[in-house]
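Common to both upcoming complexes is chain A, partnered first by chain B, then by chain C.
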Partner chain A sequence: MPNVSRILKIGAIVLLAVAVLAFPGVAPNPYILSAGVLVLNYAVLSTSWNFVGGFTGYISLGHGALAGLGAYGTGLLVAKGGLPPFLALFLSAAIVAALAVPIGFAALRVRGASFVIVSISLVLILLLVFQSWASVTGGSRGLVVPRPFDLSRPEHHRVFYYLFAALLAAALVAWWLIDRSRFGLGLKSIREDEDKAEALGTATFTYKLIVFVVSAAFTALAGGMYALWFGDLDPVFQFSILTGSYLVLMALLGGVRQLFGPVAGAIIVGVALEYFKVEYGDTPLHLVATGLLLALVVLFMPDGILPAVGDLLKRFDRSQRSSIREVSAAELREQRLKEQAGTETGGKGTGDDGTGRTAMTEAGGTTR
Partner chain B sequence: MPSGALLFQSVILGLLLGGLYALLASGLTLYFGIMRVVMIAHSAFLILAAYLAWYLHESVGLDPLLSMIGTVPLFFAAGVGLQRALLTRLRPATLTMMSVLLTFAIALLIEGLLGYAFTGTQRRINLGYSSAGLELFGARIAVVKLIAFGLAAVALTTLYLLLKRTKFGWALRATIQHRDAARLLGIDTDRVAGFGFGIGLATAAIGGTALSLDTTIYPSLHWHWIGPLMAIIVVGGLGSVPGAAIAAMILGLAQSLLQIPLGTTWAQTVFYVALFATLAFRPQGFFGGRLAQRF
Partner chain C sequence: MASELELTDIVAGYGRAAPVLRGFSVEVPAGKIVCLVGPNGAGKSTVLKVAGGLLKPRDGKVLVGGADVTGRGPQAMLKAGVSLVLQGHSVFREMTVEENVLLGAYTMKDKAKIAQRVSFVKEVFPVVADRWGSLAGLLSGGQQKQVEFARSLMVDPKVVLLDEPSMGLDPKATGTVFEQVVRMRDAGTAVLLVEQNARRALETADLGCVLDLGRVHISGPAQQLLADPQLGELYLGGRPAEPPVQPKI
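Up next is the complex of A and B:
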């Protein structure tokens, strides 16, 4: 018999999928729908980020740049190369994945700090290049990407909403598959202790590089899809260090070890960002808000919201008690006396209470 | 081929710029040495100091150099507070990554608050001696650039003497080299680490004042500084102060010379090229010691 938590989990996933798919039907106007597309875009991006951040614990602040590369790659292939839009999308993702190999090679050969440094530098250097190289990229005037479908505005949003949802599903499935695989186990061992992982024979560098390339490919797909949807690219927004930090914030807030953590974070932060834009316009206050939220998450909730909620639920669930319990000395004494009495009479009646409780704690321990 | 005078001027300007880079990179190196922290907010504090100098000059007519009397102790205290109150709260296992995010968040906060308080308008201090210059073998050097370099040189020398000649400096270097051993010798490493951060941030205060003398400032300017600075500390070998200083001078010079054929924007890419080349071919940096090899 499948256990209750598994049924609950599957039920929640089905519910989430239904909610996501039904959203365009209930969205009151095209603006809300376009905000939904944006949130889904963020969800794909931060799930893609989580391939590196969640499995290996290496935090990249430069995934905004990979998305920007995907977007510009797609845009340039369509606008200047005349390729069909979706061929351009996949071609550009392949190019970005190929580019991610040397980038990852430089960034991942050494531990920790230099990865972050490279990721930030990537954003800064690409911003510089795409702004200055105006003859190809359009520079600060931007790059207009022709629309792939001849549709009205709301219909256009609706189509891309479903396309983004499909991409999100693909990214989630890929994450889930890696999570369950031997490869994923190796990646997680890098996160927990890279020295020990290496000592146990994990090819840490190769593992990190592979997962970085996978992550880059998904990020580029999301970026390219954004280019086809939005139709107008500006280096300042595509290669913004802020985009990268939003992705980190979303994933951390949701929980990097959870499949749906980045999605949850994207929904919270994405909605908050849109709300901020509507309420306060383009003031520097969104920087303050982002900074504050990021600092609070890092300081007080580095495991994210989903685990925090999970812990809270567990507290109400009496069948899954944690292994640490409060037991008074008197209770302990009584228990011990009972056990003694049980062994003296030939171990027949060890006491229902005693066995029952150990079984319970064991169950609690394994399901946790 | 550019003329000799132009070349000479570029070399001088490059060295002057390199001096400022060296001072700022030494702060970053200190943080990294003490706690393996890549302090993204370093350049945000730099711009904050420049803004404070500008604001004091604008509102009460104070010479930017005098504003250091206030900003240096203030930044020192902020650095100590940052280390003691925030960074030590992070889990040791994920300290390097989480501290990047935390300092990144602080950088965003500073940028946002500066933008909110002073708007995004570009600001510049106009001093009586702003336009004064020196002629030297056909090269023209602005006095303010010389003052900025002088400030950086004095601060770096002080830092060097502090680290090499004083008891506190020994304690700080011992803490960087081996924290546990330092503690066994009776050094209060937590305290020393806090002070080390304070000194690092004080270099940002001095650098910011020097920057405000001859640069147009705006809130998001710090992104233009953090990239080159991070490249410098990697090329120099993470954690090595002399390495960072040498790398800063070389890269500053390279940037200045490349500006002649490439223009200012493309010349900036030299830092990133150097960063990628270093990581790909010599990840421990060119002047770094034992410490860098572990990261």
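Up next is the complex of A and C:
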């Protein structure tokens, strides 16, 4: 019989998909719809960040720069290169992925705080370049990107809402496939302990570089899609450390080891950011709230909201109720039946080698 | 008997400091447990790092099955048939027992061979089969050590290098761990064992080697080393305890 938490998980996914698809139909005005587009953009960016952050444990604050590169690449290819918008989008993502190879080659040689600093420096360098190179990028005046469709504003939002939803689905499927692959197993071992992983034969640097490039490609696609949707790019906003910080916050809040963790985080943070901007205008209050939220998450939910909810659901699921040793009641019952059968037939169920017996004793001991 | 692993005249150390190993040599014959004992700082763990490819020797040769593998990295050493179990608990705590064991086969491509090795290690270490889906971090210290042993056997190694397998374990778990070391040997794998619990290790091993100041002080059959009273005083924490005298009632 399928357990309750599994049914709830599938139900939640279906509900989320229905809610996402139905949102444009129930959004009361174009502003709310545009906020929905923005939240989906955050969800794609955060999920893209989670390819590196979630699998390898490397915290990058530089993903805002990769999104900015994708946005400017798409914008320049359309506005100055005259390419069709969606060809420009994919070409730009391919260029950013290619650029991610030397960037990753340099950045992934260091770990921990050093990697964070290198990733921040990427944002600052690109900000200076795109601000100073005004003849190409438009500098501080910004870059206007022609709209791909001749539609009214609400229709424009609606179309891009579904395009972002499709991109999010693609990113989630890619993350899910990696999570279940041998490649994913190697990446997760890097997250747990890179030195041990290397000692076991995992090609750690190559794996980190590959996943960084995949992450950069999805990030660039999200950035490029934003450029086509918003139509106006400014280096100060495109190459901002804040963007990278938001992505980290969203992923941490939802749960970096969860497929839907960054999506959950993006919904919460994205909605909160829009609320603060509407209610309090251009005050830095939303930054204070973001900082507070980050501190609370790190202190009280280090694994994120989704794992916390999952643990809560497990409490109500009798079939999954477990001891401190993570042996469910059903498993224990089965073990005891095996033990009894072994005793009756004189087999090894009683653990004549000492090892099986140890496991059973401990499991039994913790549930008394 | 042919040696699975042979270290000859190894000189090795860290950075620019004086070498820790100063002409160390040892042979690990097929199907035998060789135990390295010695005081702290003698260079026991350094021997394993050199043999496991984690530390490049400054001089000397490392041979596996007769082939020269001196200076190769950990991946190459794994492929050559040398598997290292690090000191302390080296399981990936947030990963399942299954994932931990499969990571041991990371250099293997043949799925059928991997499945065969999984069946083998489950048979040798029943606790691995029992706790296959559990998070490794939730297992007891002794069980975690067995998961590490199982992981090290996945590549069907010629030699397993064990660095202080009983560290941090209670006496009962230590006993189980040493039983499993014997099972590894009986399954056909040569073992090079480094252990602080010298007396217990020599009781388990076939051959012993006392290391002091980076060189072999004395080597020979483990039982012979155990019986040497001078060696007992110097390196094994004194003479074996005499059985307690029963008071006459």
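Quick notes on this one:
As a working rule, the second predicted complex is superposed on the first by the 316 of 368 C-alpha atoms of A that agree within 3 Å, B and C clash if a C-alpha of one lies under 4 Å from a C-alpha of the other, contacts with A are read in each partner's own complex, and residues count from 1 in each chain.
FYI, a residue touches a chain if its C-beta (ideal position, glycine included) is under 8 Å from a C-beta of that chain, and two chains touch if they have at least 3 such contacts.
Computed from a prediction, not measured in an experiment: that's the story for all the values here.
Touched residues of chain A, counted separately for chain B and chain C, are more numerous for B. When both complexes are overlaid on chain A, the residue A:G112 reaches chain B alone and has no touch with chain C. In the superposed model, A:K196 makes contact with chain C only, not with chain B. When the shared chain is aligned, chain B comes close enough to touch A:L299, but chain C does not.
Residue contacts after overlaying the shared chain place A:V288 against chain B, while chain C stays out of touching range. Contacts of A:L185 after superposition on the shared chain: chain C is touched, whereas chain B is not. Shared interface residues of chain A (contacting chain B in one complex, chain C in the other): none. Interface residues of chain B facing chain A in the complex, by the touch rule stated above, are 32, 36, 38, 40, 86, 89-91, 94, 96-98, 100-102, 104-109, 111-116, 120, 219, 223-224, 226-227, 230-231, 234, 238, 265-266, 268-269, 271-272, 275-276, 279-280, 283-284, 294-295. Of all residues in chain C, only 52, 54, 74-75, 78-79, 84, 86, 90, 92-95, 99, 102-104, 106-107, 125-127, 130-131, 134-135, 138-140, 142-143, 146, 151, 155, 173, 175-176, 179-180 touch chain A in the complex they form. Partner chain C is touched in their complex by these residues of chain A: 182, 185-186, 188-189, 192-193, 196-203, 324-327, 335, 348, 351, 353-356, 358-360, 362. Within the complex formed with chain B, the residues of chain A that make contact are 57-59, 61, 102, 105-107, 109-114, 116-118, 120-121, 124-125, 128-129, 131-132, 241-242, 245, 248, 252, 283-292, 294-295, 298-299, 302.
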